[in-house]
Amino acid sequence: MRTRTIGIAIGIATALLATATAFAAQNFPKAREFRIERGMPEQAIACIECHKQQTAGIFADWTMSRHASANITCLDCHQAQPGDLDISRDHEQYYSRGDMPYGEKRYFIPIASAVTPKDCSRCHPDEVKQYAKSKHANTIEIMWKLDPWLNGGMNSDNERKTGCYYCHGTVLKVTDGKLDSSTWPNVGVGRVNLDGSLGSCTSCHTRHRFSVMEARKPETCGQCHLGPDHPQIEIYNESKHGDIYQAFKQEYNWNSAPGAWTPGIDYRAPTCASCHMSGSGSVLTTHDVTERISWETQAPLTVRPQDFKPFPAQTDWKVERDKMKKICLQCHGKAWVEDFYVDFDTAVHEYNEVYFKPAKKMLDDLYAKGLLDKTKFFDEALEVEFYELWHHEGRRARMGAMMMAPDYAWWHGFYECKHRFNRFMEEARHLVDTNTKAYRYPDFPNATGDTTRPPEIFNKKQ
Amino acid sequence: MRTRTIGIAIGIATALLATATAFAAQNFPKAREFRIERGMPEQAIACIECHKQQTAGIFADWTMSRHASANITCLDCHQAQPGDLDISRDHEQYYSRGDMPYGEKRYFIPIASAVTPKDCSRCHPDEVKQYAKSKHANTIEIMWKLDPWLNGGMNSDNERKTGCYYCHGTVLKVTDGKLDSSTWPNVGVGRVNLDGSLGSCTSCHTRHRFSVMEARKPETCGQCHLGPDHPQIEIYNESKHGDIYQAFKQEYNWNSAPGAWTPGIDYRAPTCASCHMSGSGSVLTTHDVTERISWETQAPLTVRPQDFKPFPAQTDWKVERDKMKKICLQCHGKAWVEDFYVDFDTAVHEYNEVYFKPAKKMLDDLYAKGLLDKTKFFDEALEVEFYELWHHEGRRARMGAMMMAPDYAWWHGFYECKHRFNRFMEEARHLVDTNTKAYRYPDFPNATGDTTRPPEIFNKKQ
Amino acid sequence: MRTRTIGIAIGIATALLATATAFAAQNFPKAREFRIERGMPEQAIACIECHKQQTAGIFADWTMSRHASANITCLDCHQAQPGDLDISRDHEQYYSRGDMPYGEKRYFIPIASAVTPKDCSRCHPDEVKQYAKSKHANTIEIMWKLDPWLNGGMNSDNERKTGCYYCHGTVLKVTDGKLDSSTWPNVGVGRVNLDGSLGSCTSCHTRHRFSVMEARKPETCGQCHLGPDHPQIEIYNESKHGDIYQAFKQEYNWNSAPGAWTPGIDYRAPTCASCHMSGSGSVLTTHDVTERISWETQAPLTVRPQDFKPFPAQTDWKVERDKMKKICLQCHGKAWVEDFYVDFDTAVHEYNEVYFKPAKKMLDDLYAKGLLDKTKFFDEALEVEFYELWHHEGRRARMGAMMMAPDYAWWHGFYECKHRFNRFMEEARHLVDTNTKAYRYPDFPNATGDTTRPPEIFNKKQ
């Protein structure tokens, strides 16, 4: 960009300011330690030299990473920590081959396959601390507190593994001293690790490049935030933000330092990360995506994050909304921002009052009258209709309005809500009027999944 | 591109030819005025210096624009014009702060927030003249003449604002001397401005960069031309054109001069703009997208643009088809082009005769027999079915055939038409055979929208 | 890429190894002939000089191609071959214009419009040989052996031409010495050419650039592999592979030599071509996409490719799976690969046993009981439901699991399968319980297509 000099100046100023504010806000002045030592132990050289041959791609990825620039070697992340349960036995065997280069015992260091946020926190403590309290990190707990598919065992374990757990994460287990293949490999954002930490930083910063650029691109979020029930990537791509991103992304300065990525200077229109995670102006970078959010647009009844029962946010929605407004104000005027929130709040209000509550009341009535059966969810057509009203089109309507995507707000959103609502109410009234019990699917397919809540999460909580 | 030298030569030749033809065709030789003066008034310097600090992004955007290169300052667009109703009062207050840099009264110039096509026309008269007669500019009028959602008040004002009006535009209003926040901000293509002009050039040339490159990229059109009812961007991306664009776009010369963007030289496969707007060969650039079109594929019954009642084109479809053929012929042979139009015409004919007309006849019969109720549209299932037949899958079928996207022509198009037609006819016949009135949804949700046709448009017309 | 030197070294090594292996495996040592002669006949100069003026885009495309670098001229591909039926008469006429540059008879060479794989095989024999036995090349035969739309004449010829045949290809015909416009132009992958060869290399390597880069990009495959029934491009874009492609594609070395495109070195994450076609490690490049495949995930009942009755693969699935595993192992560890196949095989098994077989049994029962009519397919609602169960959501479930796209495996896949299965079984049981014949759509629209199997394919076979 032509304005790069200004950009850097402002960027540095922002970073300094951000640092200063962070210290003030969190009240822990600290003497920084940051020096790059260029030597490395012979065991690390052994890793590198052997993997340069054996897995040239991983080596090439690493050479391009900031880790390599800072002399962070394989061992800095993979060396087993005290108590690690997933130390690789296969890997150890290589060191009994004295006839091979680096095959001697003296090069051996025990290695853990799964690198966890706890491992990453040795160098990135703030990111991990923020992430740990996010909905991302705790998504398995949230899912089990809410989801009828899991709690009712309505889908199979393999449907969960190739579907749900791919994004939400697995609970890692060790069987016979090896990572249990029903739980590993997995890089879901809420993975429960053997060391008790939550998540996988490589969900967004794929190994072994660990790029900030990648995590700043919307497609990265779009791995999981897509489809009929939370189409944030489709919504983003449709919005003015997404349009400008598509037209100008090749000019974006993707590698600006963390906390110093500046709207208008480093990029024209924001990506997901810009608004939800990146530092901008006086708002600091966060890895807790629950921040800056003022409505739970994914919940059946839209509530404030602090009132979201399965995982109440530990902050006040007004504080978070003010943060987000500061982000908006980096590019937009005050009138624009206020008007946006009027529209969004109105969309939420209309969804809650006009669509959700009357439908919910009707559903409850049907259960109360015994015309719908509570034993299983999804085995009666009206349960599916009700679910799709809030979980599919109801989310699309709210999220479309939230991110200014007219096609999603209307055609995939409220337009579908109207028709779903009408069909739901017609059938429901028919049952009431004729006092008929709803038809139950007698052979619901593949409802074989385990219904045990993961003790690794729920026993700890008790 | 390696062939850049040839490209430039041909480009210049094309531009000269285009100019010559334009003069001949439009019969108004004119002495050109075009000189760039480098000075600027101190008020303009004040704008720039203050906004460089306050809104660094806007400043950065402007520095990258052709406007900045041509010494077009903030004032050249934002200075209030005689009679402007939206002069910013907030902005004026800054000039009572003599203690601030540029805060003195002498830097004050009244500013209008909303820059309109009329403002743009001071430098870009031809573009604005063309645009003013397009369906884009007049879309609010068209919408109110056609749309049952608006005319029946079947959705809420907020559903319209976050949905319809986002693309189609609002009718700007001033309340208490300020732009009414229910109408502003908005950058819809048909925005009715306070000065009577129609549209917002920043819909496609986003501020403050105003890039021709952006408007040439298909994603820009895809902001509005997407989704179940007019998925032009999905259709384009699927087509051979879109495939080649995706593979080679990084080689495209996006910044070729307006009118000189040459297929084969500056780019391999066309984008939306290439065929519908850009000058190509002897066909001149137009900002009236109604040009080059020979069927109204969005209408219920497909008609010629001159026969489209809500907004009849002021041209003959054969003339426009010949223009489009000349565009095709820039890359394709004559046989190819003729064959394409045979397929497209056949698709239109079959849609009209086999799907639309029999379904329309059945709908009319149901109304005539009193089995469907005419009071409201959308509150009986068959009305929704009929609507989606022409408005959703019927458009996809026609548009898919039109832009050579087989998946849309068939799977999202005629395939869906067949099933929709069958279900519609089954249910309709059932009503007729049993002489039963259709069920009416008694509590159609959120049907609260204003049904007043905008007097700014419709009173003017009378 | 920083590691380019290593990359080239490894690339060359790979290529040499690949060559060596190929010779060993196929047992035909050959003396290579490869020399580039720089002269060209005056007829070729005439083509180039005239088309440089007349079709500047085609000329520009060619100048950028490897063909031009290797001195391959228009004539090398377009010169009519003995027996060609599609020699252009229009073109010949230009050579009677001695007053035009190159208009003299001595520049005349007979030209065939349609360049076929047989033509391409003069220089690319291995690619054409591989392609000829692929499902791509033989897709028209497969389609006619399977498809109820074609065999029942349930759609119109134009619906087929703008839909099916666009991807699958036409059977080229000559009428009055010209290519029949109902069959040409077409670049479908299974086009039956007048010389008996199958396909069109320009489906993926668009003319006149013929780029290996283009064919390596996923969007190229996505021209046809998209939509409700085989959404491989959507699935890919959602996967971790697609995410990394989107974030890093600008760093990819797209122009690495055929057979030498090396994962980790030339690119981070694979594209469609990387896994299904490109040479990688010891696995050789193939243009037969049936290779490396171990399940027919597009078939109603998932079977091994060798057991796919309409076109049984001439190889063993275990051999092919081992090939694919070797591809995976270029980037992934053994445990990762084995675990992937456990999930995929389980998804296939559950689809077959839990969803497809019970639904198929019910369909057969309905036919046996006379409650469904076998005369036509698609004219009874349950036939459509059954079709979509396997052809739409059942494919999405299997393909989503196959390419690790959780949203497709679950929300667009098994989630939809469950609801479809339930609705199908409810309606089917209702017919059985009430002994009612299913309603038949009496006026199935546009069921006018020709039902004659192409004799060019089926007579040859007998």
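Letters A, B and C name the chains as they come in the text, with residue numbers starting at 1 for each one.
We take it that a residue touches a chain if its C-beta (ideal position, glycine included) is under 8 Å from a C-beta of that chain, and two chains touch if they have at least 3 such contacts.
Remember, predicted model here, so these are calculated numbers, not experimental data.
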Interface composition of copies chain B and chain C: same or different, split at half: different
When chain A is superposed on chain C by its C-alpha atoms, the rotation angle in degrees, nearest 5: 120
Length of the line joining the C-alpha centres of chain B and chain C, rounded to whole Å: 35
Touching two or more other chains - residue numbers and ranges from chain C: 250
Contacting residues of chain B [partner chain A, same complex]: 55-61, 63-64, 154-156, 158-159, 161-164, 166-167, 179, 181, 184-185, 187, 206, 209, 211, 213-214, 217, 219-220, 222-224, 226-229, 250, 378-379, 381, 384, 439, 441, 443-446
Touching residues (chain side chain A, partner chain B) in the complex: 1-3, 6-7, 10, 237-240, 242-244, 246-248, 250, 262-265, 268, 330-331, 335-336, 338-339, 342-343, 346-347, 350, 354-355, 358, 400-401, 404, 406-407, 409-415, 417-419, 421-423, 425-426
